[in-house]
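In the two complexes that follow, subunit A is the common piece, with subunit B as its partner first and subunit C second.
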Partner chain A sequence: MDDLSMHRLDVDGALAEAAEPLGGVSRAGFLGASLGTSLALLGLGAAQAEARQGASDLDILNYALTLEYLQAAFYTEAERMGALKGRTERAAQTVGAVERAHVAAFQDLLGKQAIRRPSFDFQGVTEKPQAFLKTAVAFEDLAVAAYKGQATNIKAESALAAAVAIHSVEARHAAWMRYLFGANPARTAFDQPASKQEVTQIVRSTNFVTGNPSTKRKRAPRFTG
Partner chain B sequence: MHIGQGALSRTEFIAAGAVAAGAAVAAGVIAGPVEDTDAQTDKDVEALQLLLLLEYTETAFYDEALKRGDLSGEVEAYAQAVLDQEREHLAFVRKALGSKAGEPPRFAFGDATRDPSQFAATAAELEDLAVAAYNGQATNVSKPTLEAAATVVSVEARHAAWIRSIAGEPPAPDATDTPMSADEVRQGLERIGLRS
Partner chain C sequence: MRSRRALGLVLGAAALALLGVVLLAPSSSSTAGRNNLPGPPTPALTVGMPSALDGERHVSLWTTVRRPVTARASASSEAEVLARLGRSTPEGTANPLQVLGRTRDASGGVWVRVRLAVLPNGTTGWVPRAAISGYRAVRTRLVVSLRRKRATLLRDGRPVLRAPVGIGLPQWPTPRGRFYVRNKLVRYRSAFYGPLAFGTSARSPVLTDWPGGGFVGIHGTNQPQLIPGRVSHGCIRMRNHDIRRLGRLMPVGTPITIS
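Right, the complex of A and B next:
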């Protein structure tokens, strides 16, 4: 066992920076032709129709979207910080583009039922190559376990097909980041799943998520004119 | 086959692969003594046969490459680590199939188990194929089999990214891993060296 799990991450609270809002991430801009095509081939349109029928599939897809928001924001911030070099920088760019494509796919799939992007504070880990890689490993390993934990909960067949097709890509990312970090890319013969509760608890313990947007206005706007 | 053998092996398959399968295991134990039909669907067996063929090929490929002794350094370390894991996968799938598990086929891998750069290219092809094969069967199988297979597929994806990293190829070239049908997987395995 190594110590790369999310809850053991050494996130230095003293380096807390104002969280990048990350609201400027353009969906269309990052969805390259090949990414768009591969997602379309999975029949996400069909998944959308089926998903609407099951409340639990909607919950699962929004849960997946949350994890993708987290990952996309992390890589996007790392790119903007410009502290990564060489193959780590290239990996961050490639993986970031893919995570943003996953976000876009789930947003399209969920339509108006998609939860909104939370705000994040990565506490400086995007500014130091080693801290970045360590966090990337933890995120990707967690994503693998999270998708795996939902495999048997998904009802709609096309939603399952989409989830498994993303699940293995997260595993590729995990191995890639582990390789760059100098850790064993495949440390066991069987990857174990994690429940939504476990994953949520781990994400919460990092304090990377600083705010969840409310879905409704709590107060009426004030008119001064 | 013995009555209940399928159910037992299925129970073990689940227990080895998943921590949260308590209810499914209990269902298998209850259904076990009566008939095998409830334990594994025909589609489960069909899917597992394909995955068995895949795991046989992977194990044979790495085993032959290491026995020939022409790999070194990072590539050799990869082959050794992955062979150990493929052996575990093979045992896992064989156990799940019980008496329905066939014997190992024959292979002719040619220079791919000798020349290090050919080895890396073929290993990447084989691991990518494994990912596509498992993903392709995800929607064909019962939930207990899916739960178990899911613990394997991500490890195959890790292997694919690992050897691609070593070879300087993109470890994760696409946003999604496209699934493959059983026929496509068989053709891919034949291209790599499956002979019978």
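Right, the complex of A and C next:
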């Protein structure tokens, strides 16, 4: 029950389903064409970036913003779908509001240097309470590990202070979601950090980050005129 | 002898106590540096108060077809077939669907109710959640009054653009009902359609053999003097500066009401 890492997420089989070929295009090809590009644009995609020496605070803040985008979109969609009830619904509303506040704060801080909000496809996990909770636990645990993983890389004292302030809030969310899911909120005495590369790999494996659908064409219309 | 020893012990204890007080007492010159830790730095950002989702009644959701799927009359794989949906529109873009609701079937599978771009206009159907992509939200809505020959774009319920329009001639009427924007065509060479055209889910009920399926578009024109008026084969025509403004303000997925 406690083994809830993103590595083991299957979102009720949705991931396995998504791995099927898409209209002649393999999932891998699709990822290469869209998700890969999307993640690269987010600064999440390139393993080389991880290896780059001395990532700037700007990179780290944008990385944090990406995780906040992911979480805010997840809870917002869950609220809009209306599939959650009772304590889980209230938790999703509360945590969602906090994650949106985090997004707004990072956007304010970064201004024009803030990365753009990516597109997400949560593949139905926001529409089934148990799948929602399982994913929420994984997201929150991941966010806690990700913030911790960058703490020693942040150079500016003020940026570190901000990250630590948000990190503890994410930890509370993690405990809350674990409790609602029926998992032990405080299982370990020492939490491990996660590197950007590890986080990127995990997020990529979910296929939750997608490209924008192509809805614009340079093509003459054939409408009725 | 005994009293002298007792006095010595008392004096010794007093001396030790005094020494302890002197060593442990805070010195006014070294207090801050030695014994207190510095205060916390000011965080680089200020996180505002969390706020609930706002203006949700103006939000509409849309998605695209992820894999070819059959739309059915109810949320069941046994229900009547209404349409077969591909991944692309006739214009070659992704195939958007307006999301109207959701439910779960007896086995727990999620089904989504969507508006369909098929005849008769206004048809809605159900597709399995697994066949569609992620949800996207828009806060805009386009209202077209055929009587007033006027289009109004609303954002969060407030008008942000009003423009006169050309509509269908009596023999080729612009259909009434609820529709949505499916795609946006740009940079083509056709003065007739103006600089930009939106594809919609509305279809002409009479021009069913029109190339591409008789879809109703919203586009510019090379005859602005005819607007407003009953001038088209069913499409909604706008003056070019108005369609350009609409192009900047109206995203794909925007619901359309034609009345």
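Basically, the second predicted complex is superposed on the first by the 166 of 225 C-alpha atoms of A that agree within 3 Å, B and C clash if a C-alpha of one lies under 4 Å from a C-alpha of the other, contacts with A are read in each partner's own complex, and residues count from 1 in each chain.
The rule we apply is simple: contacts are C-beta pairs under 8 Å (C-beta built on N, C-alpha and C of every residue); 3 or more make two chains touch, one makes a residue touch a chain.
Remember, it's a predicted structure, so these values are computed and weren't measured experimentally.
When both complexes are overlaid on chain A, the residue A:T152 reaches subunit B alone and has no touch with subunit C. In the superposed model, A:H173 lies in contact with subunit B only, and not with subunit C. In the superposed pair of complexes, A:G124 makes contact with subunit C only, with no contact to subunit B. When the shared chain is aligned, subunit B comes close enough to touch A:S195, but subunit C does not. In the superposition on chain A, A:G86 makes contact with neither subunit B nor subunit C.
In the superposition on chain A, contact is made by A:V144 with subunit B only, not with subunit C. Shared-chain residue A:A165: touches subunit B and subunit C both. Once chain A of one complex is fitted onto chain A of the other, the partner contacts of A:T76 are limited to subunit C, with no touch recorded for subunit B.
Shared-chain residue A:A186: touches subunit B; no touch with subunit C.
Comparing the two complexes, residues 94, 98, 101-102, 105, 157, 160-162, 165-166 of subunit A contact subunit B in one case and subunit C in the other. For subunit C in complex with subunit A, the residues that touch the partner chain are 40-53, 56, 59, 61, 64, 66-68, 87, 90-94, 96, 102, 104, 108, 110, 129-130, 133-137, 168, 172, 182-190, 192-193, 197, 199, 204, 207, 210-212, 214-217, 219, 232-235, 252.
If you check the complex, the residues on subunit A that touch subunit C are 14, 17, 20, 22-23, 76-77, 79-81, 83, 93-94, 96-98, 100-102, 104-106, 108-109, 119-124, 127-128, 156-162, 165-166, 210, 213-225. Residues 34-35, 38-39, 41-42, 94-95, 98, 101-102, 105, 144, 148-149, 151-152, 157, 160-162, 164-176, 179-180, 184-186, 188-193, 195 of subunit A are the ones touching subunit B in the complex. On the side of subunit B, the complex with subunit A involves touching residues 16-20, 81-82, 84-85, 88-89, 92, 131, 134-135, 138-139, 143, 146-147, 150-162, 165-166, 170-172, 174-179.
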